[in-house]
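This structure is in structure tokens; I'll ask about it shortly.
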């Protein structure tokens, strides 16, 4: 796959069978305000390096999908105005020599192509509320249906249709495993109203499932639902209040279709006076640390 | 595929190019009451052996997907309290050494991996009524979109959304062929209100389609719609009456979402005083016998 | 793939790396009245030959998928009463030795199997209005999700749900690129109300995206949205009036489900006094000519 460019650190780690974790770039370019996003990008990588895990932050720079960025690359995804790039945008960016921040779908796709098996993100994309009419369903789900990678997330944001998202994951034959929980988390909160069929206790348990998945020749991704630590979650009452306000505001403003989710997310950041961003950062750190431990457990099995 | 364990009989039959038919285990563990389910499991295998066809009942026992069970295995699926296992549950059961009864999706998936080309079940899973909102669509359909196996069923239970199920089969490019009928059956009844584009008369006709399918390199499954013999079908008037009662009862009880279909099926067994179970057994026997003839025709082509 | 039969001209052109464009046959057998359809089939091929591009009209004749027809074959698709054949019908037609006119899905599928990389059609199939309930979604979209071919179309007919169709294309990770436009066309009109993320100016730009797509190992199709030239489009006011009439007539006549789209299309031909057919022919010619230029650009890159 000469179209991808792996950093020397990532190449070396993969060749040596050492743990590597993929990180996405839209959380940096679109999910967090400057300059905090730059600090976060550096911090996520540091969390992994402290575990002796090699970070592979993924983005498209000047047309080339880069698997592992140097300091200049990390600065670029934090400071440039990048378009979001999903899987289908990659050939177009490549043909133009343009840059883009990779979504969960594109990051998972590129990481798997590079041979990386574990990926940390904040929340998965999903089925949007109203998708019954709009058909707005994130390519994150359909991409994971054909992409063998373990994705560690804090579930799905409660602005989406969580029930429908879990159904799609089932229809796509994508395993969903709670880590230390039997309840699917809802991003800012440790819980949604949806229980899970399967729960595991340790990163080793996840690695064992990955091994069985490989032995069976399965090509789907594995979703690890990793709730934010209890002391860091958003206060559920405040979360519910702000979300109800956000939905009402979208309704009042006559926002429709694809514009709804971005409107809601913007509203929530503002109405929560930054609290939702704090939680977002905390859950992302937690996912990165957990992904590091799963990658380490995975590398340990392969010795 | 060392993750699967084929019985010596199945290995031998496949190696010799002799006919083999896969059988699922959820019909035994969840579809029929004890001890009748054990008798049925044995009978289904006998129907095939009498045709000189090797049965391959499929289940996960102690973490291992087993393709073809011995007498102890058949007893276990009838007597143990097994979870239903779909494709995405297989790596988790494997990692835990746990057991499970395979759904249509998982059975088709494992059978195809083992090299088996014909599979008999009762009814296919499908799109649930209300799936427009709930997104509840069986992984049976999406799995058959990428699994080259011929599935003999009596159609889809009328508690599901048959029209939507047929549309999904079309969207997934899965051929649906009526055997001796131009009407899609509705499990307990020979007919639904939906006509089929294609009808064939004999098992040889099905085998010829399978050969063309292979020659074209297609990887989808083929659905053979095999209506229950006329003298065995449920009385249509009684069927309609019991179904209407069941839907009304679900409504009265406020049952919603994923709970609806199991509620309806339980209600129907009870309200029909066991008649629906009789029909279920008869159509399953008929599907097994038909699958045996198709497997025999298929083996005959390959000599 | 011995199941396909390539014409000597197509084989020769592909072997020599010369440009080839696939053409579908349902537009001939079902989209245009006789004998105009025969003239159109010949004309589409001529447009390509004048560019030194080899036409590969695709159809199933006597069970055999033919990639490139001779004069007798072209006459047959224009004059025989052929069934529409989608991907899932191919093995059945093959087993019976029957003939069929290939849909966008089947043509794309067969062309890609034959090694052809560019395909011209009129309009893509899509998500039908009311698909939220009916689940009626064309296999054209799902087939392009796994078929590496560049399809040149004038978008999607406005009788379909264009917004939902564009969402499905996104979920399937199928790139959609406007050629000389930033607005998705709606078949008879240069524009719909939907803007595109990506627009290119030249056939070379499309070929560059195809090259990047290949380098990334992507297996989806690429949709090139190619609006009809401005002077040839249907008068928007008349289009809107006739469409509104058509929808009202379908409603009055109580037409439901799968019958709606054919009813609307028939109504529109009649109510427009043939104007819609003129536009259909013009946009098809334009797509064929554009596809020829893209195929030429593609062949040029590979020297």
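The letters A, B and C name the chains in turn, as written, and every chain counts its residues from 1.
The rule we apply is simple: a residue touches a chain if its C-beta (ideal position, glycine included) is under 8 Å from a C-beta of that chain, and two chains touch if they have at least 3 such contacts.
Here's who's who by UniProt: A, B, C = Pseudouridine-5'-phosphate glycosidase.
Small disclaimer: the values here were computed from a predicted structure and weren't measured.
Peer 1: Through what angle, between 0 and 180°, must chain A be rotated so its C-alpha atoms fit those of chain B, rounded to a multiple of 5?
Peer 2: Superposing chain A on chain B takes a rotation of 120 degrees, nearest 5.
Peer 1: Is the contact between chain A and chain C built from the same residue numbers on each copy (over half shared) or from different ones (under half shared)?
Peer 2: different
Peer 1: Just the number, please: Cα centre separation of chain A and chain C in whole Å.
Peer 2: Computed value for the inter-centroid distance: 36 Å.
Peer 1: So which bits of chain A are touching at least two other chains?
Peer 2: Counting only residues that touch two or more other chains, chain A contributes 132.
Peer 1: List the residues on chain A that touch chain B in their complex, please.
Peer 2: Touching chain B from chain A are residues 127, 131-132, 161, 163-164, 167-168, 170-177, 197-198, 205, 208-213, 215-218, 220, 222.
Peer 1: Which chain B residues qualify as touching chain A in the complex?
Peer 2: 1-4, 63, 65, 86-92, 94-95, 105, 113, 132-139, 141-143, 257
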